[in-house]
Structure formats: C-alpha cells, structure tokens
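Some structures are shown below for you to check.
Paired with chain B in one complex and with chain C in the other, chain A is shared by the two complexes that follow.
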Partner chain A sequence: MYFVCFFLKDNCREDGRGCEDYRHMEIETNVVSNTSGSARVRLANTDILVGVKAELGAPAPEKPDKGRLEFFVDCSANATPEFEGRGGEELATEISGMLNRAYDCPACLDLQKLCVIPNQQCWVLYIDILLLECGGNLFDAASIAVKAALYNTKIPTVTVSRDEGIMELEISDDPYDVQKIEVKLAPCIVTLSKIGHSHVVDASQKEESCCLARLMMGVTQNGTITALKKEGSGSLDPTSVEDMIEVGTGKRVGEALNKSLTTALEEEERQGTKSKTLGFLR
Partner chain B sequence: MSVDIRIAGARESTKQLDSEEISSLVTPGDVITTDTGFMRGHGTYMEDDQLKASVAGVVERVNKLICVKPLKTRYNGEVGDVVIGRILEVGQRRWKVDTHSKLDSVLMLSSVNLPGGELILLELLLLLDNVTQAEVQSVFADGSLSLHTRSLKYGKLGQGVVVHLSPSLIKRRKTHFHSLPCGASIILGNNGYIWICPTGNEMEDKTGGYEQNLEPVQRADREVISRLRNCVLALAEHKMMLYDTSVLYTYEASLKFPNI
Partner chain C sequence: MLTTKTFIKKTKKGGILKIVREHYLRDDITCGSEICEKCDNKSARPLQENPVNKSDVCKSPHYLIPDTNVVLHQIDVLEDSAIQNVIILQTVLDEVRHRSAPGYKRLKDALYNPDKHFYTFYTYVERQPGETANDRNDRAIREGVKWYHNHLSSKKMSVVLVTNDAENKRKASEEGLNVFTIHEYVKSLRDSSSLVDRLAQSGQNVSYRDKVEFPEHLSLSVIQKGIKSGKYVQGSYMASRENYLEAYVSVHDGDKMIFIQGHMNLNRAIHSDIVAVEMLPEDEWSCPSSLVLEEKEEKVDEENIEMEDEKVKKRKIPKELQQPTGRIVGIIKRNWRQYCGIIRPSTTRHLVIPAERRIPRIRIETRQAADLASQRIVVAIDSWPRNSRYPNGHFVKKLGTIGDKETENEVLLLEHDVPHSNFSEAVLSCLPKLPWVITEEDMKHRQDLRHIDVCSVDPPGCTDIDDALHCRELENGNLERIDMVPELLSSNLCSLRCDVDRFAFSTLWEMTHDAEVVKVWFTKSVIFSRASLTYAEAQMRIDDKSMNDNITKSLRHLNKLAKILKRNRISNGETNSMVEEFMLLANVYTAKKTLEEFPDCAMLRRHPSPPPSNFDPLIKAAESKGFKMDVSCGKALADSLEKAVIPADPYFNTMLRIMATRCMMQAVYSDIIVHRLLAVCIGADASYPSLTDKHKTQTLCNNLNYRHKMAQYAGRASVNLHTHNALQILIPKYGLEGTLRVHRHVVKQYSPVFHRVIVQISIDQSNVQHLKLSIKLVEPVIPGFSVAPAKKEEEEDGPPRKKVKT
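Let's look at the complex of A and B:
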C-alpha cells in the first residue's frame, strides 16, 4: 500500500502510466450472433461482454412515449472465485444502478425514437453485461462496452397500420431493413480514485485495493456530466471533488475517452465485413 | 492524458514468434504413454493401464519416471530456495508468511538474525504486510515450509515492487539476486514472487533490512523499476523463463519504446 501511494508522486505510477492515462483497450463489436447488438471490451485484464436484445414491450407508465433500457449485470464466477453463488450480486446491482443513472438523461439517448405506439408498444432494450475477467476499473470498462454494443445495435423497422380502429404491427424480417441508435452523446463512466493525494484514472486491481474513496461520473462527448456517485469508506474534501469534476480530470478524460471510442467504432464499421471476427479463442 | 482504444481485429498475431512447437505439452486427461514399464510421478495418474496427465504442463522423463511439470501451480518448496513472502500474521515467537505455497509458511524467531543480538519485539521487526526475503530451511511433512533469514543477505525488504507470477517460470540458478546495470536490483524468488527495487538499498548495506532507508526514490529510478516490471510481465505473458539475462535483454529491447 505504501509503495503504490509513494509511486504516485511526480505523476508516475507503478506500471509507468501517468495519473490520467488509461491502459490499452481492445474493442470488438458484433461478437454474439443472436443478439441485436453486442460488443466485447478488453482493458488490460478486465474482460467484458455486452449483448443488447431489442424486444417489443409496454412503455413505463410515467414515460408513455419513450422506449426503455434495462440493464442486467452478470458476474461470472470464472472472473474471480468471489463471485461464486451470490457473491457478485452486490457489485452487479452497483454497476447496473450506475449505468441506469448515467443513461437516465434525455440529452444522451433519444428514447422517443424507440416508441412505436405511445402508451402501448415500445422497444425495450435488454442490455446484458457479462464480466468475464476482473482486472480493475470494471465500471468504466462496462460503460464503454455498453456504448459500443448500443452503437452496434440494429432494430428492425416496424410499420403500424390501422385497420378499423385495430392497430397492426408489422416487423420487417429483412436483416438490412433496420434502424440504428444514435449513441454519439451516450455517456461513458469515468472513475477517479483518490490514492494518497493524487486522483488516478483507470485504477488497476492493486491500486483499487489501496484506494479509500472514488468518484464515478457519467460523462458525454461534449463534457456533460449525467451522473455522479461517490464510493468507498474514505471521505472526499469538497475542493478535491471540485478538482476532480470541473477543473481537472473528470471532464477532460471523459471527453477524450468518448472521442477515442467513437473513432474506434467508426473505424471498425468502415472496415465492415472485411475484418474477420476474432472472438474469444486466440 | 492518453486514451488508446484499438480494434481487436487490428492486432497483429503473435504466433510467428513461437516457431518451434513443443511436442511434450499435455492437458489433463491426455494419455502420456500406454507402456506399463514406466513409473508414475507427480502430475500423472493411471487409468485403464494408461498413464495420463492430471495437470496441464510439460512432460519430463528421468529414466523410467515420468512427471508432468505444470505451467501454473502453487509453489512446492525445496530446501535452499530463495523466496519472497508477505507477513500474514505476527505470532508469539513466529511469523506466518504467504509464499504462494499451498499452506502458509512459518518464519521462527529463532531462525532470524537479530540486529545486535538483542531481543526486541517481533512487531517492530516485521510488521503485518511487510515483504520479506528468506531461504527455505526445511519442509514439514504436510508440505508447509519453514523459512530462515540467518544470513544478512535476507531480511525485510524496503521500497520496491512485488510482481506475482507462476513459480514454474523462474529458472533455477546459482544466484537469484541481481543488481542490473540499468540501476535497479531484482530478486527472482523461486516461489514466483519477484522483487524489484532501486539498487543501493538493502542489497548493498546487508543489514538484513532492519535499518530502513525511507528516503523517496527518484522519479528516474521509479521509471526504471516500472519498465522492468512491465518487461517481467511481458515475459511471463509469453511463457518465457525468467533469469537475469532474459530480463536484461527484454529491458534493453524495450528501450526502443520511449513510453513505459
């Protein structure tokens, strides 16, 4: 513990990163064939698979003209033995809760487009997040994977026809007659851990065990903060919170993260079917 | 600030590196031989008159004895091994040490070289969570290890980084302490724990680590340590044996890349 803190002086971490550097990330979309959209993110040792399934359902009564997002996190016991049985449940609700809050912002995702018939039918996106390996910074990696999977999601076109007052829905089964979701402004979570006197981004597992307090925020590409959550037993000084959000790191890192992700996703889309799916065995 | 997201498909295959294929690699359940003339060693079992592997690893044959050396394993101690451990518990006259073996190892007070020969409180010597370097003195019947730090080479370790790897990746050599010319020292513990620290701390003064140097390490030194740590992890990732030369060559090769 001492040495990790100690290492943070002069902006040099144990693995040689600066305080605001992310580890290398690898991303692949469209990895699961029977979903509407899927993505897999590997951030050093952290491995996360996300699948999105679009289904028709009833809208929430308080938001009759909007579609719904349902997050579900599954902590595989393959990731760490601690997740065996019900061990991962707490973490799972934490992650899904944070994602729910981050996406609960009208500016980041246009849910109205997901509505088919107000008050009756809308698209429900079931977002399943599977943790395959834990190497620290699960929240950030999960949010990146979710954004990538939503980018990859294709929803079939629906035509509504009225026949003597009875509505009829026709779902196109042409795989090319689909609509995509605009995710440009979807948030990514940026976690800032306070270790010693420094604020560190993308903490490794070792660093996480040394960290007493961390601040998580959902940041969009243009720097809007959609959600904020403090975690850990330690306390944070108001000035240091301000420092994390406004002046320094949080916003800037979040913007850079989103931009980098968008570039990677667009690049992959441009390559299209040319590139082979790599999958899990390599 | 740097954020680097790449597409998985763009990654170059690392396959061409391992050109020679190891023929003696087995996975659990693989038949090693159907010949009954062999003796059953560690990591193997007999089933239907066939000798099968019970672990994933490399088959080793000494005369009639067949063993499988696992790739990933807990540490099986041998007398005389240099190990790095972490103090788990401070007892009445002994410490419990985590050395990545199946059972916790013990370091008896009588096996410690006390500074000045006086009896001082154990807690003052080695605290909980301190990292220590020791030699295996004996192996108990149940496989747990008894350690000693009799020589002044051994003892408490001060400022540095521990890396945890598989014990089978550490090459057995005459010496496991190396002061590398790049300005850092490395101890390759036989138990797969590796200690990297700036040269000129414990290694030189040989006080057994009881006089601690708590002066901050310079950034340049820490960069060297970080780079060495990443080199060691890269070697382990590619299942390369670790010893002074391999680490040093990797370090030199890595200098081409300015970013650690």
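Let's look at the complex of A and C:
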C-alpha cells in the first residue's frame, strides 16, 4: 500500500505506467460464430468475452419505436474462486447496471433503427458479458468489449410487407445482406481511482485494493458524459470530482480511448477474413 | 479442414435465428478416374480409362459433368446406357435432393449402378458477398470442372460441363472449359436419334397455334402469404374421371372439396398436383355437368374447347345444385409422374393421349412417330407454358404393341401405381440364393413337420400357394390339425409348392371331433407338401369313396370340422367353405395371441360395422321383391338373407348376398406384420424396434390400405363401372358385371330390379385405350331402346341367364 502510494506522487505507478496510461490491450472480434456479433478483450490479466445476440421482440411500452438492449453479466468461477456459487452476482449486477446507464442516452446509439414495426416488433440485442479472468478494471474492459462486439454485430435485413393489414416479415436469404450498428458514439466506461492524492485510470488489482473511492463515467468519443457513478467507502470532495471529470483526466482519457478503439476496430475490419484470428477459441 | 455454414432462418413463431453448422471438409477424396496416378489408388474408381466416345463436338476422350438443371430435367437422357462416365458434383446432388425426391432417387440409382460409371465428387466454395445461392452453386460446379480439367490434363483426358444456363456457359467458356448444352451434346452423339427424343423440351420461346393464354401462376411466396391470410386455400387437385374440364380440389385431406370448372379456372393443373385455389363469388358457383349425365366420349376435340368453355358458362345452375367453386391461382407442388399413352401422329409435334383419363394430352417431339403409332408408350411431362393448350413432354420408353396382353397388363399396373418393377439389388440380396437348401442353422429354430401329409387347396392356376392344411387323428381320439402359411415372399420360394421343402409358419390345433379346440400352439416349421390341389380336385377326393389315402382322409376330417365351425360362427352372427373356415380360425387365434403379447400394436383384419345408410340400396332392392332386410346387426342380416329366397329364381339370393357384401366396407390387414408379431410372441425372431412402434404400425397400415385400394381399382378398371342412370347387369355365365345405360323415362316405366333380362354383349372398340364391355338390352322389349337378338345359334346354346339390379 505504501509502495503504491509513494511512487504515485511522481506520476509513476507500480508497473511503471503514468496516471493516465492504460495497460496493453488485445481486442479480437467475431470470435463466436453463432452470435450476431462478438468480441474478446484482454486487458493485462483481465479477460472478457462479449456476445451479442439479435432477436425479434416487443419494444418497451414507453419507447414503442425503439429497439432494446439487454445486458447480462456472467462472472465465471474460472475468473476467481470468489465467484463460485452466487459469489459474483453482486458484481454482475453492478456492471450490467452501469452499462445500462451508460447506454441509456439517445445520442450514443440510434435505437430507432432497431425498430421493425412500431409497437409490435423490434430487435432486442442481448448482450452477454462473460468474465473469464479478473485483473482489475473490469468495468472499463467490459465496456470496451461491449462496444467492440456491437461494432461487429450484423443484424439480418428484414423487410416488412403489408398485406391487407397483416404485417409480414421477410428475411433475405443472402447471409451477407446485413445491417450494422453505428457505434461511433457508443460510450466507454472510464474509471478513475483515487489513490492517495492522485487519480489513476485502469487500476490494476493491487491498485484497486489501495483505492478508497473511485468515479466511473460513461464517455463518448466526442466527450459527452453519459453516466456517472461513485463507488468506494472513501469520500471525494467536489473540486476533486470536477477535476476528475472536466478539467482533468476523465473526459480526455475517454475521448482518446474511444478514438483508438474505433481505429483498431476499423483496422481489423479492413484486414477482413485475410487475417487469421488468433488465440481464442481456435 | 473445418469451415462453417451460416444461414438465417425464420422460425414458425416469427423469430429469426442464426444457424451455424460446422462443415468438415476432406482433402483425401479421390478423383475416381482409372487413369489417374496422383490420387490414392486404393479407393473405388468408377470412371473408365477409355470412355466410349461418340460425340462429334468433343472428339477427345472425356467425362461429363452436368449441372443441376440438366440432371433435374434430363434424367431420362442421363439414365440412357449411351451416357456413361459422368461426374456428379455434390453441389448438384444436394440441389437435386432439395428440389425433387424422385429425381434424387433416380440419380442415386444411376450412381450405384456400376455399368453407368457415375462418380460423386465434391468441391467447396464459400459464398461471396453479393452472390446469390444459385450463383455460388454454379461457381462451385465450374470450380469442380476446372479442378478435373487441371487434374487430368496431363493424361489427355478432358471434362465437359453440360449446362443449359447461358450465363454459366458463358463464364465457363471464358475460363477455358469445355462446355455444351445438353441439346448440343446429345445431338452430336452418333446414332442418337432415340436419345434425342428423350430430351426434355426447353419449351421457351415457342409459339403455339393454340390461341390460348392461361392466367399466370402466382409465385410461391405470394401463395404462402395468401394461404396464411385465408385468401387462398391449399389442396390436392383431383381431376374428374368423367370430364376433363372439371376437377375437385380436396382441402384438409378431404374434409372439404372445392369444385373447379373450365379450362381457365383449371389453369394447367394436372391430376394429383398440390395447388392453391381462390374461391369464386357465390353467384358464380357451379356444379358438375355429370349431375345431368350424358354419355360424353372424347368427341370434343381441341377445335371446340372454347365452345365448351362458353357452354359451361352459359348454363344456368339451379341454386340447390351449386357447389363451392374456385379457380386455381398457383401450383404449390407438381406431382408429375410418367404416363402411359398412345401417340396420335401429326407433322412435327405429336399428341400423346394418356391412358389415364384424368391426364390431359401431352405434346411431344419425336422422329420415330410412325414407329410409335402402334405402340403403347411412356411419356414424361416437362412443362406447361402459358400459351400452350397442352403440356410439353418427352418420350421415355416403349411398352409394346397396343392390344398385346403383356403390354396392356403393364399399362394397368403402371397406371394404378402398383409397383411391379424388379426388386432392387438390396432386396434381392436378402433372399436366399437359388438353388435353395435348408441348412442346419435353419433347423435349430424350427419344428420339422415334413413327415406329415400336408396338402394345399387353391384355385386352379394359382402360383402363390399361401395356405397348406393338414388334419390327422391323434392317439387320444382327438384330431390334430395344422395350418400353414409361407414365410418368405411371393412365388417359388414362398409358394408352398408340392414335393419340396418349404419354411412355413404353422398353427397347430388339437380339436375334438366336435370341433372344440383343446389346445393351440404356434411354431416356425419346415413342411413338405404332398399335393397342391385345386378346389375341384379336393372336392372330388372328398366325394370319391374309393380313395382312402392319408391326404383324402385328412381332407374329409377338415371338411367335417369346417362345417361344424361354420355353423357355430353363423349362430354367433356373421355372414360369410373348408379352406376359408380354417384360415379364419387361424386368424382368430393369431389375433388372440398377438393381442395378448402386444396390446398396443396388434393388427387384425376387421370389418367395421358399416353405417346403416350403406344398406339403403339393399333394403330397397329386397323390398321390391317383398322381402324385409334387418340390418340392425350381423346376425339379423344373416338371418334375413337366409330367408330371402325365391325358389324359382335361385340367383336371387346370391345377388342379394353380393349386394350385402358391397354395402360393407373393406378393411385391410397385413399377414406379414401379424406373422412377425407372432414370431416375436413365440420368441423365434428378434423383434426390430419399428415393429412395435405404434405410429410406424399406423403408417404401415395406411400404406397397406392405400395399396389395397389401388389394387382394387386396378382390378375394377378392367371391368369399367359406371353407376349413374344405368342398370347393373350381372351375367353369371361369364362372371361378368356390366352397366346398361338407360334413359330416365325407361327406368320410370320399367323398374327392373332383380329381373331376368336377356342382353347382347360385345366389346366396344371405339377407344383403343379403354376397351369397354358394351351391353345391349334384348328382352324385355322396350321400343326405341332394346335391340333385336343378334344370332340364332347363341340362343341354341341356351341363352345365358342375366339379372338386372339397381
């Protein structure tokens, strides 16, 4: 504890990073063939797999012209023995709750595009997040993996034909005839942990254990904050919060993170099927 | 190598599913050519080193690779012995399986036939963005051709792609492949005239002088939507046997019938197709013209079809006769088969008149028309364009000369869907090799009954002797009688012929002299029949007091027992001689045993109680002669029948009995299944799972019922019955039954039920395909209707007795 805090003063963390540096990250999309979209993110030791399944369902009564997102987090007992039984449930609710809040913003995803027949049918995206290994900063990693999986999601093109008042859905028989989701403005979660007097991003497990208070925010590529949440037993004074969000780190880190993620995803797509998928499930 | 196949499917509930199937690709499949040295030479190589080559367009030795449409439409050509060394790509095989089950079966048969030198190969290509499934398949086929081309080029062996698809052909020739249409290829073959006839007509861009334009058929997706919304109904199309301009569509397996009338409304549907029907408004409803029956022979030629249509429209239909009427908007599934017929030659395109009246005439192109004119031929339908009055088809094969007994027999069998083709290799291999001997193995499970004097009694000329009987006196004074049925399938092996060892299934009874059963048991056995007798021979033996050999004694015992049994049964209330009696007994005991062991799946031939309305004609007929029929139960009916005797007219009773039998419905049973169940009961055979499966048994029964019905139709077709406004005439001398058409007023003034009449019979040869028995009334004389007696000498023979009923 002392060790971690001591070095932080000089903008140097236990593994040699600066306060605003993320650890090395690996992203791979289209890893599970029977999903509509999938991604796997490995952030140091944190390993997360996300699968998106698009299914037809009824829209929410209060938003009849919009599609829905359903987050579900599964904390596998493989990740840590603590998750055994119902041990991971609380954390799972926390993560899915935070993602729900971060995505609950009209600017970040055009849910109207997911509507097929208003009041009757819309696409429901079931987003399943599987924690495979815990190495700190689960929220950020999960949100990155979700965004990558949504980027990879392909929804079959559905045409609606109206025949004497009866709506008939038809799907194209061409497997390449699909719709993609615009995720440019989808938020990533940036967690700032207060350790000593410094605010650090992407806290490792060790750092997380030294942290008394942290602030999580959903940030989009253009700097919009879509959600905020404070966690931990310690307190944060208002100036500190403002510093974390506006002046300081949060927004800037979030924008940069989103941009580099988009670049990476586009690069991967450009390589297409030529690049051999590596490492996972192969 | 592992790949995946991904596709999106819509579920019945409306959900959309992405389905991913793993697809394992092999890289060790050989090319199958004898000439190849690159591939593993241990596997089968059906493609010959020096294929016979008669083609002028491709002079080098070559193999053929047809595309899917060529296989689907030109299977008759591919099946010809002139076409050998063909590579069927898996892509083609899969597509054929999807699109036509009979086509797939025929292709499979060709693949399994070693003389055809057919081979299956697989090339895999992934579907590309923007490519339709068909384009992908075409590309896969071209890839296959290219692979063979490169693979065999060093051996100077070519491959020829056969496709009628212009785009595919163009692409293939751009890629430097040998490609021809099937027409180009077949026409280039030397001495191929018979093969050219078999080519299916492409049917496009041909104008006909028919001046018809049928309404367009709706596409399948439109039909499906319409059916869902209730706008259209789906049903199977059943053309009328009497009138080719009328048909019924049976909806929901016959719950409901929709009447269809007129050329345009029938809209190119052919008997047994699955069609989509749109109902007509009620004021346009119609009724079959046969309700006011007139003899309508096919006098109506193509020239006056319009007139016919007009006539149909103009006729005013009384409201009470109207039936729900509709029109056909689309075809869901064609159920075309091959049809027998005779050709009516004209200059280029010839019309084939099918033997089955329900099938329209088929237009074919052939160069051997003059040859075929005297033949019964088989044709297949290929298409029915909108602007053609008749469907287009092609010649398949000759059956033989018109009128030839063998040929006509085959026509009857074909037309009634009685499978009569040779059994497949697989079936034949199950049968024991001839000459057939009994092995030690066989004897282990069987009781040797060869020492017993068994004989069979059947009608004269019977080839499949299926019951053998025996009866002997036991030491304790009781009688033991045995009844046997053969175990194997028909003729030779199965026939319980005399003086040879045969496997049988035996039922053994121990009975008292009063025909009371003391003991019964079942066994598999080996028997040795001493004699195959006809009914008459058996009767003579029984009657001839000088004969006292074992067989005769046995027959006498049997006869005595049978009489007792029959008496008992009639008193129990059933209407129905020696063999029959014992077979019934065997059936009853078998049924008891199987029912005990397999309550779920035992089968029994049974005659269900017929609905009382079925007996109406019988009651009416009997009343006209002053007898009353009691049809409340089997026994009552039997008694009434027993009493209804006119001493002066011995045939009256027989006729009544015939009628009574007709009134009762036929049900069907299966000897084979009962035998197998019984075998399981006595532990002689290992049961196979499907035998005891209730549903399977049901399906089997349905099939049996269908076959039985069709067989009956086939039998009846040779007699050719019509029932409207006509008299049913039974001619006991010839065992014939025929129809005498009369006018209504004749029936009114002269109600002739069960009267003796004199008729003149001849064969009506006006229609070669449907020879009919022509009956003309001689006596009683009705002016303007009856005819003068034909020849005197016939009367000297004594006029045959004839009865009229109905």
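The working rule: the second predicted complex is superposed on the first by the 278 of 282 C-alpha atoms of A that agree within 3 Å, B and C clash if a C-alpha of one lies under 4 Å from a C-alpha of the other, contacts with A are read in each partner's own complex, and residues count from 1 in each chain.
We adopt the following convention: a contact is a pair of C-beta atoms (placed from the backbone, for glycine too) under 8 Å apart; a residue touches a chain by one contact, two chains touch by 3 or more.
Quick caveat: nothing in here was measured; it's all calculated off a predicted structure.
Enquirer: After the overlay on chain A, what do you see for chain B versus chain C, clash or fit?
Expert: Fit: chain B and chain C sit side by side once superposed on chain A.
Enquirer: Touching A:Glu20, do we find chain B (first), chain C (second), both, or neither?
Expert: After superposition on chain A, A:Glu20 lies in contact with chain B alone.
Enquirer: Taking the superposition as given, does A:Leu257 touch the first partner, chain B, the second, chain C, both, or neither?
Expert: Touch partner of A:Leu257: chain B, not chain C.
Enquirer: Is A:Thr239 touching the first partner chain B, the second partner chain C, both, or neither of them?
Expert: neither
Enquirer: Looking at chain A, does chain C or chain B touch more of its residues?
Expert: Comparing chain B with chain C, the partner touching more chain A residues is B.
Enquirer: By the touch definition at the top of the document, which applies to A:Leu169: first (chain B), second (chain C), both, or neither?
Expert: So A:Leu169 only meets chain C here.
Enquirer: Which angle, as a multiple of 10 degrees, do chain B and chain C span at the CA centre of chain A?
Expert: For this superposition the angle at chain A equals 110 degrees.
Enquirer: For A:Arg42, is the partner it touches chain B (first), chain C (second), both, or none of the two (neither)?
Expert: In the superposed model, A:Arg42 contacts chain B only, not chain C.
Enquirer: Can you give the closest approach of chain B to chain C, taken over C-alpha atoms and in whole Å, for the superposition?
Expert: Nearest C-alpha atoms of the two chains are 19 Å apart.
Enquirer: Hey, what residues of chain A end up touching chain B and chain C alike?
Expert: In chain A, no position sits in both the chain B and chain C interfaces.
Enquirer: With touch defined as at the start, can you tell me which chain A residues reach chain B in the complex?
Expert: Those in contact with chain B are residues 1, 3, 6-7, 9-10, 12-18, 20-22, 24-28, 40, 42, 144, 252-253, 256-257, 260-261, 263-264, 267-268, 271, 275-278.
Enquirer: Mind listing the chain B positions that touch chain A in their complex?
Expert: So the residues of chain B in touch with chain A come to 1-11, 129, 159-161, 216-217, 219, 222-223, 226-227, 229-230, 259-260.
Enquirer: In the complex, go through chain C and note every residue touching chain A.
Expert: That would be residues 4, 6-8, 10, 14-16, 18-20, 127-133, 221, 225, 228-229, 231 of chain C.
Enquirer: Taking the touch rule as given, give the residues of chain A at its contact with chain C in the complex, in rising order.
Expert: 33-36, 54-56, 121, 156, 158, 161, 163-164, 166, 168-171, 173-176
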